[in-house]
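The following pair of complexes shares a single chain, chain A, combined with chain B in the former and chain C in the latter.
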Partner chain A sequence: MAKEIGADRLGDFYKDGGKVRKRREWRGLRDTMYDYSRWLVIMGTLAKFVMKPRNVKAMFRYRWMANYLAVPMMVDRHTQGLRGEYLRMCHTEQDLIIDDVAKLLDNLFRGDRRIGNDREFSKKVVLVDENEMTAVMMGFPTLKGLSRETPSTYVSVLLNQHAAEHYIDLAQQFGLAGDVCPMPEAELGVSIDDDAPVLGACAIQCNTTCDGSLLGNGVISRRLEQEDGIPVFQLAAPLRHREDDVQEYAAQEIRNAIAFIEKHTGEKWDWKHYFECARRVNVATECRQEWLEMNRTPYPQVFGSNLALYTETNYMAICGKIPEFEKADRKLTELARQAFAKKKMAAKEYRHRAIIWGVQSHYYMDFLVWLLNCWGIVPLTDMLSMVSTRRIAEEDTPENREQAIYDMAWLTENMIMRNRTHGGYRVLLDELWEFTQQFNADMVILWEHMSCKALDGMHGLFEDRARELGINLVWVSHDLFDPRIISRQGVRDQINNYMRSVMREEPLDPSLEVLHDEESW
Partner chain B sequence: MAVVLKVLLILALVVVGLFILTFTVYIFNLDMKLTALIEPWLLKHYDKIERDTHL
Partner chain C sequence: MKDLKHLYYFENLLQEANNELIRQAQEEGKVCVAYTCENTPEPLLNLPGAFSVRLRAPRTGSVDIATYYLTSFLCEYSRALLERAIEGGFNFADCVITPDGCSMMNRCIENMELLKTMGQGKEHFFFEYMEIPMKGDENGLNLYVLQCRNHILKPLAEHYGIDVSDAAIRQAVAQHNRVCELLRAIGEYRKGDRPAITGYEFHVLTLASYACPKHLIIDKLEETLEELKTREPLDSGAFRARVVLVGSEVDDLDFIKLVEDSGAFVCADRFCYGSLPGRNPIVLNDEEDALTQICRQYQQRGQCPRYMDTPKMNARREYVAALAKEYGADGIIYDQMKFCDPWAYEKMLGAHILREEFGYPVLAVDRPYAIASSGQMRTRVQAFVESIEIKKLQGGVQNG
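Presenting the complex of A and B:
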């Protein structure tokens, strides 16, 4: 029980084989009271959510809703060991994301034909993919762009490592290949299991990145169109997104998507609202760039899961549409500046500066916190946070209205993950080594998502270049949504083995090296 | 005056009582320990729901 960073043995909070931890951390009076007050706020958000009878009804209808019992624990996992500004940054983000997801769930159940069945509301809903840039919704202030997959699979696995297993198994029972990415496979499992809310005037699906995504979307759209009567538009953004000759095609896809939404909802594109959202996208980009600039110095501030989780949400799902995220961007930047000015550190010792590359394990998103606390490895940035930094047009002029179509196309092409896993050798390989130099990193942690064919075959190329540059390259295999293939301890062991056998180091906190958290949420 | 003081005292006791109660739940992670007990029961419930399961 300590106020000082790194004084606690954080592994002692785990109970062998337990689902939850023994107790919460004592972080000194000030930080404990702050954390307690934020816990009360989260409890208030959850209480407000369950006060609506339709949400309770949904809790008893949808299997994935059980994962939301673990919301406070998800926050605890990400705040582990944090003090001062880092704790406040984490809560600023996580509490806002929790509130946003609670509103998403509430809206889904309001329009859901099985639950709230608010038909007028449902006519104003456009369903979007979880892994999709929502830029095409920036000019529709009266419509709700809602993702069914975000709460049913994406957030569920962040809450509970075992959340997707039922749906993965179900998809495979119906003959789907077991070697595709378990994320789209789980999303498809939700659809097969008749466990997705049914609502909306229409839906926009995106050719995310991979065979699994195309396979899953195909079957989901068939159910939506043929059984639920919800028309679906396939937004096929070019994969070679750095090439000039694909941009006109990408822009035309955006025009077509907007026209499709207008046709099925009866709403008209609102340029004033679009440019207001565009301004907020630019604010988010500026803030993210400032954080990354700080991370190039010896005193990084917004990094690890504080950077990764927030960027995923803010860049792609929010995309300038929710004003509260602009406030959070500014608050986070202010906290980062304060900590930077005081040369603060989030752990008692920084031993290695790492770039995290590849697609990270969803069932172990707090791995980045573990890296810092256990081995003193600072995850400066990650592949999914290295997204577009281009300013988009934010002033309403005739020229900018045309440019805006290209900006939305650019954002859609450069959505998280696909901007690196597709687009050619340069975006995945060459730029990694440029980032290691820019961030003065001595280590690359390379996630090997074993079902992601986009990264297969690159193994040797990464190793050759790391050897040439003298970078410590650590491969960490995982199966994204399925901890039965490689457990959280299996993930940790790959780092532990490297750090002990290659680096010849001892952990900062030995209690975290081996944790029996197989049954944990 | 005495009545006002009495009301303030009662209010203070309620606030302190609520703080002790909620802080105990918070620090000993009792909220998560309780929800961990609820989950298996919910999962059994989901297994019983009739569903139109198909491709």
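Presenting the complex of A and C:
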């Protein structure tokens, strides 16, 4: 039990086969009290949520709701070994995300025809995809853009690694091939199982990340339109998003989507609100850029899962619409500046500086924490955090109103993941090596999400280039939502084997090398 | 039934990606435009002075090197093409034009480019990638036109001096239509109880129209059409069931042969490399420019599952049902190339809808690129044929 970073053997906290760990970590009086107070805040958020009868009803109606019992455990997994500013950064963002998801769930069940059935509220709801840039909702302050897939599949797998298995199996029983990406597959399974809340005036779907996502939406929209009577607009974002000659098409899609929402909700686009959201998008971009700038130095501050999970949420799902996230952006930046000024480190030793590329294993999002604690590999940044850094128009002028359409189109085209997996090899392959140089990285951890065809299709060229440049390239295979294909230990073993056999190194914390967490949340 | 006069000739042509007609056309001074996806408007690749060849990799063996580059999770079509390109089998092409039709095809061509597999010794060689619409609306049409202009017409004119004027496009459409009309007329002989041409024979002719310069096969297609007028049709019991084959890329002659050897006559071919709707003539008027009209017709008729708007999605299944009715099919086979994402979903949903809403027996299968004489596939088709026969015996009443 120690106050100092890296003094504990973190693997000793795990119980063989258990869902939770043996005990909480002692981080010194001040950090432990802080961590405990945040734990109480999380429990308060959950208690507030459960106090509403409709939410209790939803616990029994929707299979995936059981995963939310694991919320405190998820936060604990991400705070392992953290102290001082790093612990505060993690709680600042995770606690806010939890609060945001709790509100999302509460709103979904309020409008859900099976649960709250608040019809007036439902008329103000626009359903959006899980992996969709929500820029088209920035000018509708009176509407709620709600994603059903975010709580049912995306967050569920973060909470419980086994959460999607039932839905994956269901989609395959329905006739879907087993080699498609398990994320749209699981979302489809939820729809087939009729296990998603039914509400909303209309829905905006998008060809988000891949062919699978696009096609899965086709099945979901059929249920929405034909059974639930919810009209659907399919927003087609161009794939070759770096090309000038697709931007007009993308902009027109945004205009059409806005017109569709106005038609089905009766609401009018509010430019004042849009530009306020745009200003917050710019704040988030500036903060993210500052963090990345620090990460190029020997003293990175906002990195690993602190960077990845927050960016995923803030960039796409929030997209400037919620003021609390601006406060969090500023607070995180302040904490990062403090730690940077003191040349603080999040582990006792930084051995390798790594760029994390590809699509990370969703059922093992705290892998980046493990990477740092076990092997001293610093995950400086990850592919999903390398999103648009373009400043968008934030002042309400006639010219900017036209520019804003193109800005929304640009953001939509540059959704997380698709901005790298589509758009030609330059954004996926060439820019990786540019980032490697910029961040002074000596290692690339390349997630091989095995059923992501866009990534698989560059496999050989990644290897060829890494060899040419003398970069240590470590492949880490996984199946995104399905730990039955490659378990968490299977993921860790790929690193362990590389570090021992190729790098000839011993772990910083040997207790973390093998963990029996197959049954864990 | 007597063999078609030119069948053996066409079969031989299809044994090679770089067939003798391609070499002949290049000796005539024409530019060979290679492409891979049905969403690339063919007439624009066949402007005077150019001819199109849709890439395929006949007689594919090992795809080991391509599997290293693309992994085993990409469809075998994309891997077979890359392997063939690495082997130097596509060096005849003078350029490659490809849309981002699907991720796998896109990555396949990108690997071809980055590995410098093609273009050696060809000063003007180029790769072009284009965005194509995902919806059947006006915005999508505008994109289609712009992309064809920027990524097909402009590079062809700049690199090879091809005439891309409206008149030249109309001339190319006329030639394209001649081939389409001939194939559609030949395809009509698949209708009725006693068809005069088998699905396999028709597939050979159709495939040749994708893989060979069109102007060099017109005479033989004309002769074949004449021959069919007097050809003794098949006996009415020659096949046990009539099926529509629906699915993705099928350029493997053995697949249709296997299906027909198993007792199912392929009466309609709704797949990439098929004639429905790939060989629909393009009808032009004089009021609007030819490029826009071509793009509109490609967009409207397109059956690719990447079209994501509800009207196009519904129309895909209605089209299959309409074909089944028109060609008198007893059942439908949905096929999917293993690891193909778009068709994995389309096959799943299409099979359910055609079965439950349109009442057709449906077999849904996935298959490798080169199927050879797969016993598993044969068994599945045979079982499907038997199930159709049993249903017929029961008067269409489903058991259980």
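One rule holds for everything that comes next: the second predicted complex is superposed on the first by the 521 of 521 C-alpha atoms of A that agree within 3 Å, B and C clash if a C-alpha of one lies under 4 Å from a C-alpha of the other, contacts with A are read in each partner's own complex, and residues count from 1 in each chain.
One rule holds for everything that comes next: contacts are C-beta pairs under 8 Å (C-beta built on N, C-alpha and C of every residue); 3 or more make two chains touch, one makes a residue touch a chain.
Here the structure is a predicted model, which is why all the values come from computation and not from measurement.
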Exercise for the section: Could you tell me whether chain B and chain C fit or clash when both sit on chain A in the superposition? Expected result: fit
Practice task
Using the touch definition from the top, say if A:263 reaches chain B (first), chain C (second), both or neither.
Solution key: neither
Practice task
Return first, second, both or neither, reflecting whether A:461 touches chain B, chain C, both chains, or no partner chain.
Solution key: second
Practice task
Once the structures are superposed on A, label A:327 by its partner contacts, choosing first (chain B), second (chain C), both or neither.
Solution key: neither
Exercise for the section: Check the residue A:113 against both partner chains and state whether it touches chain B (first), chain C (second), both, or neither. Expected result: neither
Problem - chain B versus chain C as contact partner of A:72, first or second or both or neither - result: first
Exercise for the section: Report the partner of chain A that touches more of its residues: chain B or chain C. Expected result: C
Practice task
Could you tell me if A:232 is touching chain B, chain C, both of them or neither one (first, second, both, neither)?
Solution key: second
Exercise for the section: Based on the superposed arrangement, let me know which partner A:174 touches: chain B (first), chain C (second), both, or neither? Expected result: both
Exercise for the section: Once the structures are superposed on A, label A:219 by its partner contacts, choosing first (chain B), second (chain C), both or neither. Expected result: both
Exercise for the section: Look at A:24 in the shared chain and tell me whether it touches chain B only, chain C only, both, or neither; answer first, second, both or neither. Expected result: first
Handout entry: Closest approach of chain C to chain B (Cα atoms, Å)
Key = 7
Handout entry: Set of chain A residues, in rising order, touched by both chain B and chain C
Key = 174, 219
Problem - Interface residues, chain A side, partner chain B - complex - result: 19-24, 26, 32, 36, 39-40, 43, 59-61, 63, 66, 69-70, 72-73, 76, 170, 174, 192-195, 219, 521
Fill in the blank from the handout: Per the touch rule, the chain C residues reaching chain A in their complex are 68-71, 73-74, 78, 100, 102-104, 106-108, 110-111, 114-115, 129-131, 133-135, 137, 139-140, 142-143, 146-147, 150, 305-306, 308-310, 313, 336, 338-339, 341-342, 344-349, 351-352, 364, 366
Completion exercise
Listed in rising order, the residues of chain B that touch chain A in the complex are 22-23, 26-29, 31-33, 35-36, 38-39, 42-43, 45-46, 49, 51-55
Problem - chain A residues within the chain C interface of the complex - result: 174-177, 179-181, 205, 207, 210-212, 214-219, 221-222, 225, 232, 234, 236, 238-240, 243, 245-246, 248-249, 252-253, 256, 421-422, 424-425, 429, 448, 450-451, 453-454, 456-461
